[in-house]
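Next come two complexes, and both contain chain A; in the first it sits with chain B, in the second with chain C.
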Partner chain A sequence: MRQFLARRAVASLVSLAFLVIAVFFLSRLTGDPTDLYLPVDASLEAREQFRQLHGLNDPLIVQFWHYLKDLAVLDFGESIRRARPALDVVLEAFQWTLALALSTMALVTVSAIVMGALAAFHVGGVFDRIATFFSLIGASAPDFWIAIVAIVVFSVQLGWLPTSGTGTPLHWVLPIAVLFIRPFGLILQVVRGSMITALGSAYVKTARAKGVAARPIIFVHALRNAMLPVITVIGDQLAGMLNGVVIVETVFGFPGIGKLMIDSILQRDFSVILASIIVTAMAIFIMNLLIDMAYAVLDPRIRY
Partner chain B sequence: MKLSVYLGASLISLAAAVPALAANTDITIVLNEELEVLEPCMTSQSNIGRVLLQNVSETMTELNPTNGELMPRLAESWEDQGNGTWRFHLRDGVTFSDGTGFDAEDVKHSIERTLSPDLTCEIGAKFFGGMKITPTVVDAHTIDITADPAQPILPLLMSTLTIVPAETPMEFTRDPVGTGPYKLTEYNVGQNIILDRRDDYWGTAPAVSKATYVFRTDDAVRAAMVATGEADIAPLINQIDATNPKTDFAYPNSETTYLRIDSAIPPLNDVRVRKALNLAVDREAFLGTLIPEDAKIATHMVPPSTLGWNADLKAWPYDPEEAKKLLAEAKADGVTVDTQIELIGRTGNFPNVTEVMEALQQMFSDVGFNTKLQMYEVAEWVKLYSKPFAEDRGPRIVEAMHDNNRGDPVFSMYFKYACDGLQSGVCDHELDSMIAEATAATGDERAQKWSEIFKMVHEDLVADVFLFHMVGFSRVSERLDFTPTIATNSELQLSQIGFK
Partner chain C sequence: MADHLLEVRNLSVTFHTARGPVHAVRDVNWHLDRGEVLAILGESGSGKSVSASAIMDLIDCPPGEITSGRILFDGRDLLTMSREERRHINGKRIAMIFQDPLSHLNPVYTVGWQIEETMVIHGTSRQEARQTTVDLLRKVGIPDPEASVHKYPHQFSGGQRQRLMIAMALALRPDVLIADEPTTALDVTVQAQILALLEELQRETGMGLLIITHDLGVVAEVADRVVVMNAGEIVEAGEASEVYHNPKHPYTRKLIAAAPGQGEMSSGVEEGAPLLSLRNVSKRYGTFEALKGVSFDLMPGETVAVVGESGSGKSTTAKVLLRLEEASGGSAIYKGRDLFTLSPRELYEMRRDIQMVFQDPTQSLNPRMSVYALISEAWVIHPGIVERSRWRARVAELLEQVGLLPEHMYRYPHQFSGGQRQRIAIARALALEPQIIVCDEAVSALDVSIQAQVIALLDRLQDELGISFIFIAHDLPVVRDFADRVIVMQGGRIVEQGDVRQIFEAPREPYTQALLAASLDPDPEIQAERRARRLEAAE
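So, the complex of A and B:
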């Protein structure tokens, strides 16, 4: 296991290094942030001063060397737009995204597994029809549309929930509900498919022949074996959310990392772009590691 | 089970009770983006200005943007000492929100800090470029400020410069301290900013006791927040959401849209071609369709409340036949009117900008112009809008929107029309002299000179294609006594808000 962890860590670090190099140079290819930061009427002298102050006149390779030297002591640089350490800006945003992603995925996982397992047990039954309905909505309705309609219905018309913001637990209901639909539909279908295969297998038939009740057959015997592909999809969906959920963050005013990344790219706030990528990449690396370990727990045949 | 039901019900009732518990003189303002910094020397940025300007951080003088009048604020009076020096007499008995007293040393430090090359303050870059400002403390409540070259409008310039305590470090602050009627009490990054009314403010106590600023990027959400009572003012909403006449206001936002013509390059160097461009545009057709019907057809680069506004100027009529005639005349004289002209727009500059540009292209095409429309993202667009222009460029027309809410044309006319102006498409030495004279003049003479310049730009040189003085839309709760004005684009003084 230790060897496996060490191998994964080295592989992830190499990937991260390539990512940092690529993003560093590619983001600078988009141009100079001076024109975006200063007002249109700013003089040429003011522009020159700005470039000098932020080291933008140095050759790219010199800028990269300075960046690497700072990164070696965990200094991610200063956000040009926010005049604060880039890492502070990113971590503040990431905690919101992390909270939103984890709470949504926890709800999605439990609901999709229960609903998917029941749908598979009675193919064509009530649960199966509900599962198909949600999967269709999840696959076809765009997030921004659901979000705006949810605000109009539940906040403006019915007045049950706040439109947006983060102040109270009620503020989290609509964003989580909107984020819930798409991964729920997807994971539910994977659980259903995987469970149909598991329920048709020899060991389930044996259990049934021995008179084991339906509930233990579904949730003990079949589900555990059906979980491996499900875990993969959960990991994939969670990784997507950890990269930020721009639409939901924008509409509901969640100060998350997705919106921060988009804004930083548009503003050419290079330090924040790089810090965001490093932080989210690290989070995804840790999450993938946990998923690999979950495989080993679920299936004793898997050993690292 | 009972416990969980009880906890759930308590949580819901607590959340629902929060707005009810708030005092009815507390207000919430929803802005269209989160503030990146909360720095007094950046209050020329709209949303930073809406939070800080004259609420937390005050200026020495204050412009009344509706009539262009300059009013005292932290300076009670000022006089021209000659040789570019102005003497300001400061208000006595003023304290900062940290309890320290306000005096001339604070003004000196604020000027040096705002203009410091180590900070890149927007106020410095925007209003004080190309001049050297030297503050000299005379006594605790008197300060001489010298500008080189001399600035007849130095008192007006001081309406842009926010005053901070002398102890403020030479780096961006996140905890602004000012002399205004409110103090910053909470700054929860990404969530809200809270200002509380000061009891020890030198002026009249305002009606609003507390202001909470929240940030929502989505236009529909901001409008919905005022509709549901979650917020009281949304200074900027989309025109399509401005559907309730009781709460939604259109206000002139001091922005003017226009097409900047590069008159150095043929065929645009021929005045008949520039006239034809103006005559080809059916401005009336845009109003109420792609442009809000409250917008005004422009004849100037600056809004009507600006000094020297020339009421005699008339918009170019829509006359495609006359435009065709002028082009034919020019062609007969050997002007290459068939040359393809680049028509450049800025993506997202104002609502419907792409459709407006497409319509303009069609109108130009209808009278015989050969234009190629290209829309650029802001950073690329700036390179085409501002000098230095490429030496090997072809004929080019650039769509732009210019904001002058400072009441004096000097903030526009040099940049846009002098030979060395950063975004000037013309170079006329007589116009240069006129701009220099108007910049140095004072009083009625100044107004007269600017008025003549406006006429020359619009009628004689036909330098640009002016389009519209634009409007913004705000939503204001019915419980408030507040009407947005031209100032709402750059500030939102809580002291001007009352309750019905």
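So, the complex of A and C:
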């Protein structure tokens, strides 16, 4: 187990290193921030001073070296735009995204599992139809469209919910609802398929022969066996959300990491770009570890 | 009419499938009393398990439909009870165990929990159930019961898993135990132990035991009465020994005649230069030694049977020989060259000389390829054996040779029966005109009557084409009928090898003797004698 963790940590650090190198140099291709931050008629001296201040005069490789040295002591640099430590800016945005992603995925997981299990138990029944309906919407309706329609209907016309921001719990309802649909439809289908296999298995036959009632057969005997592929998809979806849900964040004016990343690229705010990538990569690494643990907890045959 | 403990009357079950209704059983009648062992004997598709599924409420409706009949248990008709009422009978008064204990135990829960569950759902407290479980495990012979309750099914051997299933089924001392092919997936020595355990527990509890099997030997060993089924109908019923000695129905007669182990034994082939010589072959997986110094010869036109229980290394021998896995040591000399050191190019040429037929033709034949494509593919890989213009004619010839109709060459594997599929696999092996065919449990998955036909086919091919067979099997009676020489393996080692007569009539090694003693004879009288001797030996 410990060996497994160590191997995974090393592998993740290696990929992180490649990522940092690639992003560092690629982001410089977007251009010189000086042009963006100083007025068009700024004097050459002012420009020179700005470059000096942000270390943009050094050769790229020297800049990279400085960046690595700072990174070694967990200094992620300053945001040019906000004149604050980049890490603070990133963590602030990330916590919003994390909260949004976790609450959405928690709701998705619980409802998709219950619904999918019931759909599998009566293929072609009521739950199965509802399941198919949601999967269809999730797969076919683009989320920016759903988001806009939801704002028009619930915020503008009915006036039940705020259009954007994060002030009250009510502000969370629409973003979560919009984000919910696609992973719900997807995970529902995975649960359904996996449960149909599990319910047709020999050990379910044994349970029926033992006289186990329908509900424990579904939720105790079959579900735990059916969870492995489901966990994989949940992890995949959650990783996607941790990277930021740019469209939903933008439409609802939600100050998350996705929006921050796009903004900082447009603003050539290099330290923020790098810091957000490192933070989300770490989060995804930790989440993947948790998922591997979940495998081992669910299935005693899996040991690392 | 006196009431029986369990009685099936005029039961008919139909399954509605995409290809139309299938009448799984028609007008079936049988009964079981306390303290009695009834066997339902039949081949695959005979409907032998259907009445048991109906008793346990395991038939899904749809697609299944019980079109007529009654199932009386203690005088009450199970089929008119509510689902909830039947649930209270299942596991408590009528229990069932199945063929493959690994897949029938839930892999993600401890065995202790699963056995306790049977008791808990029928009203025992968790604590009491926990104590009883340990006692049950001890009773069915699971070592270290206190620790075993915390283990998972994959941590037990096949025989132990079936013991666990039995413990689970007997937890509430049911009146009836239904055992559906309880020993089919097990090694012979383990089979004997499990059957003995079932008998002992039955004697102790006085329950009625229903055994569903395809194996005449199992019937001979345990059954008081037997019901013979064919194509959904009961063709014959009666005392086990009466049915064996005086079968009335032609199907029963055919079944008894097809039972292996009754034919003339081979007197061996002439000594000469061996076609293939294995010397000191070993195979290691990490620290585990799967093969330890295996040496034997194969003569031209000879059948060498490799027998042993699971884990004995018999299949590994085949894999290493065909270089599907690399040997860790030793040599295999074929036509003066060591197969283990051939370069990939030489190996490719050698492949046409040594072909393989696998256990399960459903898996070894690509379901998306027609029979023609399956057989002619060999000539694509090894050009120059048959000219392209003659492919169709040659496939037709091969199909005729294995007893199939040439006009079926454009059909797909699923359109054939199990026995026919194995014939296709044999035709495919023959396409390359090999010197040696390795049969890895090639007839184990087939019904006895089909098994006899396939063996006869292999025999004929050997006479006509002079092919040598390496015949890997766990079923001793089949080996007795087909092999010239027998190699007995245990734990990766050859414990004994000799002519088939010597092995079967005068086995030297205790392990071979134990194997032979554990194998079941279809004759109930002979089996009763063997059992008496076994009991004597045990005391």
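Assume the second predicted complex is superposed on the first by the 304 of 304 C-alpha atoms of A that agree within 3 Å, B and C clash if a C-alpha of one lies under 4 Å from a C-alpha of the other, contacts with A are read in each partner's own complex, and residues count from 1 in each chain.
Simple rule for what comes next: a contact is a pair of C-beta atoms (placed from the backbone, for glycine too) under 8 Å apart; a residue touches a chain by one contact, two chains touch by 3 or more.
Note that this is a predicted model, so its numbers are computed, not measured.
When the two complexes are overlaid on chain A, chain B and chain C sit side by side with no clash.
The superposed model places chain B and chain C at 160 degrees from each other around the C-alpha centre of chain A, with the value given to the nearest 10. In the superposition on chain A, contact is made by A:82 with chain B only, not with chain C. When the shared chain is aligned, chain B comes close enough to touch A:92, but chain C does not. In the superposed model, A:142 makes contact with neither chain B nor chain C.
Partner contacting the larger number of chain A residues, of chain B and chain C: B.
Residue contacts after overlaying the shared chain place A:163 against chain B, while chain C stays out of touching range.
Legend: residue contacts after superposition of the two complexes on their common chain; A:125 is shown touching neither chain B nor chain C. Looking at the shared chain after the overlay, A:44 reaches chain B, while chain C stays out of its contact range. When the two structures are aligned on the shared chain, A:203 is found in touch with chain C, with no touch to chain B. Touch criterion met: A:221 reaches chain C, while chain B stays clear of it.
Put simply, the nearest alpha carbons of chain B and chain C end up 29 Å apart when the two models share chain A.
Of all residues in chain B, only 11-12, 14-16, 18, 34, 36-37, 39, 44, 117-118, 120, 122, 124-126, 129-130, 171-172, 174, 189-191, 214-218, 220-221, 224-225, 227-228, 230, 378-380, 382-383, 385-387, 411, 415, 422-423 touch chain A in the complex they form.
Listed in rising order, the residues of chain A touching chain C in the complex are 201-203, 205-213, 216, 221, 224-225, 298-301.
Within the complex formed with chain A, the residues of chain C that make contact are 56-58, 87-92, 95-96, 98, 100, 103-110, 117-118, 121-122, 152, 154, 165, 168. Interface of chain A with chain B (complex): residues 30-32, 35-46, 49-50, 53, 81-84, 92-93, 96, 148, 151-152, 155-156, 159, 162-170, 250-253, 255, 259, 268.
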